[in-house]
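So that you can tell them apart, the chains are marked A, B, C, D, E and F in the order they are listed, and the count of residues begins at 1 in each.
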């Protein structure tokens, strides 16, 4: 496929790997912020190839992983309501809440429909006029325009039986949180390419200025990732804390103004509880008051759980803030596996724990 | 089983048959009013045994058969409502409405629960607090106390999700209607034994006086039926138009006062549309206003069909009023069979058409 | 996921470890483990051949009989049996009734998402026990998982392979006028047990199924009676009435039944009367009808009596030359009455 | 009942004559007619033996293979096939992959109340056509009806009986390091076709299933390669990945796959990328993997190519001595990566 | 519509006017039956049960009388063949 | 959370601001994609699709530049073995 295959080319990747190795004079610590990047880094073995030269820490890059237990519990409660159908991306359905995941709720009779796009949930609402359709709107800025569009379409269509659980999160405040951890070791960031397609990268300017770390906008294919890493270590070796765009085919400095306008029309920035991190100031979006009737949290407020218990054994927060690697979690591969996850990072195909469980050879061999 | 087997005894039946044959000097026309009696008369071959001496006409004796198409359609509409479960005796579920029977509604996703007693529908309502349970309350006076009891229990339990479709019918006004048909040939009645267990038989006094026909209270087993027929022909031969009770083990002159009080507390007499007959004055019961909240016809009034179409080919009314025998209906055994009934009398196991279809040898042989 | 469920949402299905999930049907690790731990381990080594596409039965020198049945009973457990033992007995009995010795079964499961693994375990234990009682080996299997609401707990298909020890073919076409019709024990037990359990009809004692294997009694009858045993049939769905209609059609004779001779337990009688059911139409799962030469009635009844399972075997009628009705019942009054085939679902009724 | 439905309640299921009802499963007249008119008539005379408990296959002199599978696909019809042809191909293929010649099938149906008879008819027609294409006879059947909501339209079980023409046993334990791993055609087609049809994913052209019988190609491969054909497996649930894991376990070797060699139609590629699916994990129904002696790769590929169904056969890897990971994938960059077994249900995802 | 089956009262469960229940035996099996219409019935009595409630107490003396009458009819018919 | 796949615009279906859609080709298959965020895109353009909507137009000139740079790195690395 054009614009995919070229960026998976093995020979180009090898050259970039060599170039990175040549350039590095001491081990550097980089954080990737998007789970899609984590996935590729592990899947293609890039992390192992650079061991000793670039340590890759996987940030809170998976919106599935950071969605709060309360919201999962809320979605589960909605699914169990008669005449309510929860629509969700496939990614979310195995994420554990306090007691159940959406998939388990379905196995108890709850109603759940997996959709490819939030817009499909609109069609679902039209086909089921007697049911309430609630879309679980998770995702970074990349996904936010699609759910904003769904809200706008539902409004224009006058749908009374459609609403969303607004659970979108924003990347930059999370990076800010990471930098403020006392034990933070991150020296440079690979900024999430598709988030930047929406937001642009000028938004990182004050961040870079404040924390004096380089930020490189990076894509998702192995060649893209290696380009990003190469650029980051080049900047680090040169002692430069600037923003660079190494995903220029899909990212403009100011991002996509249409997408931004769409978000802005439907959502406003709000504080948000990140699973494992606690409340992050400006860490997410809420629906504007004029779309209150589309807000499942208001429409079905009585089902909102008072407060969810914390994950007891799961060290997902430590994993996502780079304090530990998944394999350092005592539960990893023992009581926690993709078949029976204790925490969200083991569920999502982007979650750092799941990525290690699937693609890390040592891990795979250990459980044979 | 005590009090059943004795009344199925072959030898006693043979003696009674002989006695009837001896007593008859010319053919007499008797009507049985309860479908249970029709069933036994055909099942045990009594009708054939008496051919030429006593002609047995099967009256509108099956409440299943006379329940109006509108009420079936209403029950179907209720079953198709989300969160509504229609509870019904097994007998009702295959009776055709305008478009569908309850069984067909279920096969389209409607919810239907078959119960042995109306009281079981109370338990169903308690187990399903989020669903509306609607009991389809059909039956003669025999069955009316059981549904009255259900209404009282639901009231005392404070159930908000229980109601009934009041569809009970009364036997005497139907007998009155039969007698007023210009083509009426009935010379004597076998009164329905279990109806009389409730109502007593003094209620027939003015009927007998007015129409000058004998009425014999009759049971359901072959011996009971033959006793009733013997008594009826004895009275006819003697030219006496009186009431006799040949089901004395289960019927008292004044009936069961507790059961009558139960009916009276919950229901009042009302006109009712009998399928195939039109409206019969005083032909049924309605719920008293104080139980209005238990009346599905008021609670779900919006679902009541405006008016149902008439059965086009079915000559059920003629069958039930004794004008024709089932086999004289052009549809009988051709386009109408228990597997694919055109009218209610072919569905119920008590319906006259079904009884002939199942037990009449000529009929069975014709379709091999 | 927490190992212990809290909250009230779904106490029956607390954690994914304890229920069947769609993942168990996806062909991966979860499925391999389910089959290994929950199925193969219980069925015993040497039974199911797990990882190949087909099992090899080697060479079989005798004539081969094959039969298949799916079991969809609800509830899964009922007094006197469960879907697991039923799936073994039903298929074993179909082979036995054809005069074959049951040898091998295949076992194919359709599981509904959310089924407790403990329930699956009980069912498989029951399959294993019944198969071992019947001396049949389970040689191949399959497991599918369907989404919640797309099945009813568990459906089981068993396909049975047996061998004919003698060349005798037991078809209903061999029935001749005058042949005696025998039933091996009290009728209507299975159908009533399942109906009462499913609809919670509250009978005490609850009616109990007659589910049982029939291969031993069938083999002994065949050996004792030889050609005088015309045919046998387990009277499952549709009960005795359905078998009589099939035999009438296949033999072109009439089947005549004396209602007063039908063996019926008192509790079955009570339930049938109360619910308005005709026991001739109610299913059996360990009770069969045999058509035999009339002079062998005593021999046949004594074989039936010697198998403890079969209390109250009885002659219930005989075959006749066909006039008009294919099946006739004497109800002790006047002429015989024709008996119609079962038509609709068996339901409690008040009419 | 009116012969024509009016009103809007349920346009799909207007009258009982046109849908399956519970009565069709009660063992009586409705059931006999359904089986006679809708099933036996379509399958052709001499196939299903309707009224006996078990069918007689006579004597079979060769070694016998048996396999069973239940088919629960939703939707029932999908581009490239339907549940009927699938139920024949799947079981025929399991026999073929074991090196056996498919001869007989049993056919057991579980029907959901309300199923249009026309749908049943289409499915049975498809079974009949596929069976005739595969030269297999359907010898025994069973039909159950379950209440609305207790099944998903139709479930089918087929159990297949075949014979081994040669004594050769094709087990994965015969795979040796160095053996070539071949795939018979483009992968992932069936799983994508069903997913796209079920979820109405709106692809144009809609992905098409590869459902097809494999007995002829399997027989020719076996004949051509003899002992050099180590084993074959149709890569159904869990796709190529599941087969590789099973073979690794059974042979105690490692399976190595070169991702760049996987044959994949462009449309499958597009769908997999868009939905985030790994084609190695997606089901096939007419595509298989073969392990063969390395010097016979060209012979094997030329047999595969000669069967028109198999566009794009390819060597996708080879067996290796096992070190740590049972299955390895080369993704063209640095060291080989381990390939995990399929875990969860295949779902469209955005992460 | 009047399937009514005689059964024998084994024990009273409760006498609440609306919720009255007793255990009734039918051949070899028992079931709880609603008794609101026959509050005066005693253990050992037969009642006729329809749709789960007892609709009347069976009058055993009347039954015996009917059966005796029957006997005489039978004897009569035996005499006149 | 950012599976974004490049596809080529085959034709516009409608240009309504909220309901804009185009047919996009991904390898051998096409799908309708929501276009509200890229109303200015033209047939033949590549867009990146995420969760059923196009999130940006792919800048083919930039892609070519990146690939050219890559080529030079590769050549460089070929020289220094």
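Just so it is clear, a contact is a pair of C-beta atoms (placed from the backbone, for glycine too) under 8 Å apart; a residue touches a chain by one contact, two chains touch by 3 or more.
In UniProt terms the chains read A, B = Hydrogenase formation protein HypD; C, D = Hydrogenase expression/formation protein HypE; E, F = HypC/HybG/HupF family hydrogenase formation chaperone.
In this text the structure is predicted, and so the values were computed from the model without any measurement.
Counting steps between touching chains, the shortest path from chain A to chain D takes 1. The chain with its C-alpha centre at the largest distance from the centre of chain F is E. More C-beta pairs in contact connect the chains of B-E than those of the other pair, out of A-C and B-E. One inter-chain figure worth recording: chain E and chain F are separated by 84 Å, centre to centre, where each centre is the mean of the chain's CA atoms. Distance from the chain B centre to the chain F centre is 73 Å, each centre being the mean of its Cα atoms. Separating the CA-averaged centres of chain A and chain F is a span of 21 Å. Note on chain placement: the centre of chain B and the centre of chain C lie 37 Å apart, centres being C-alpha means.
Annotation for chain E: residues touching 2 or more other chains are 1-3, 5, 26-27, 50-51. Multi-chain contact residues of chain A (touching two or more other chains) are listed as 1, 4, 14, 35-36, 62-64, 89, 91, 116, 139, 143, 339, 350.
In chain C, 22-23, 29-30, 147, 149, 201, 269-270, 273, 276, 343-344, 349-351 are the positions where the chain touches two or more neighbouring chains simultaneously. A list of each chain pair in contact follows: A-B, A-C, A-D, A-F, B-C, B-D, B-E, C-D, C-E, D-F. Touching chain D in their complex are the following residues of chain B: 76-77, 80, 96, 98-101, 103-109, 312, 335, 339-342. Within the complex formed with chain C, the chain E residues making contact are 1-3, 5, 7, 23, 25-32, 49-51.
If you check the complex, the residues on chain A that touch chain F are 1-4, 6, 11-12, 14-16, 18-19, 34-36, 61-64, 89, 91, 116-120, 138-140, 142-143, 145-146, 149, 152-153, 156, 192-195, 197-198, 220, 223, 227, 248-252, 256, 258-259, 262, 350. Within the complex, the chain D residues that touch chain A are 199, 201, 269-270, 273, 275-276, 324-326, 331-335, 337-338, 340, 343-344, 347-351.
Partner chain F is touched in their complex by these residues of chain D: 201-205, 207, 265-271, 273-274, 276, 349-351.
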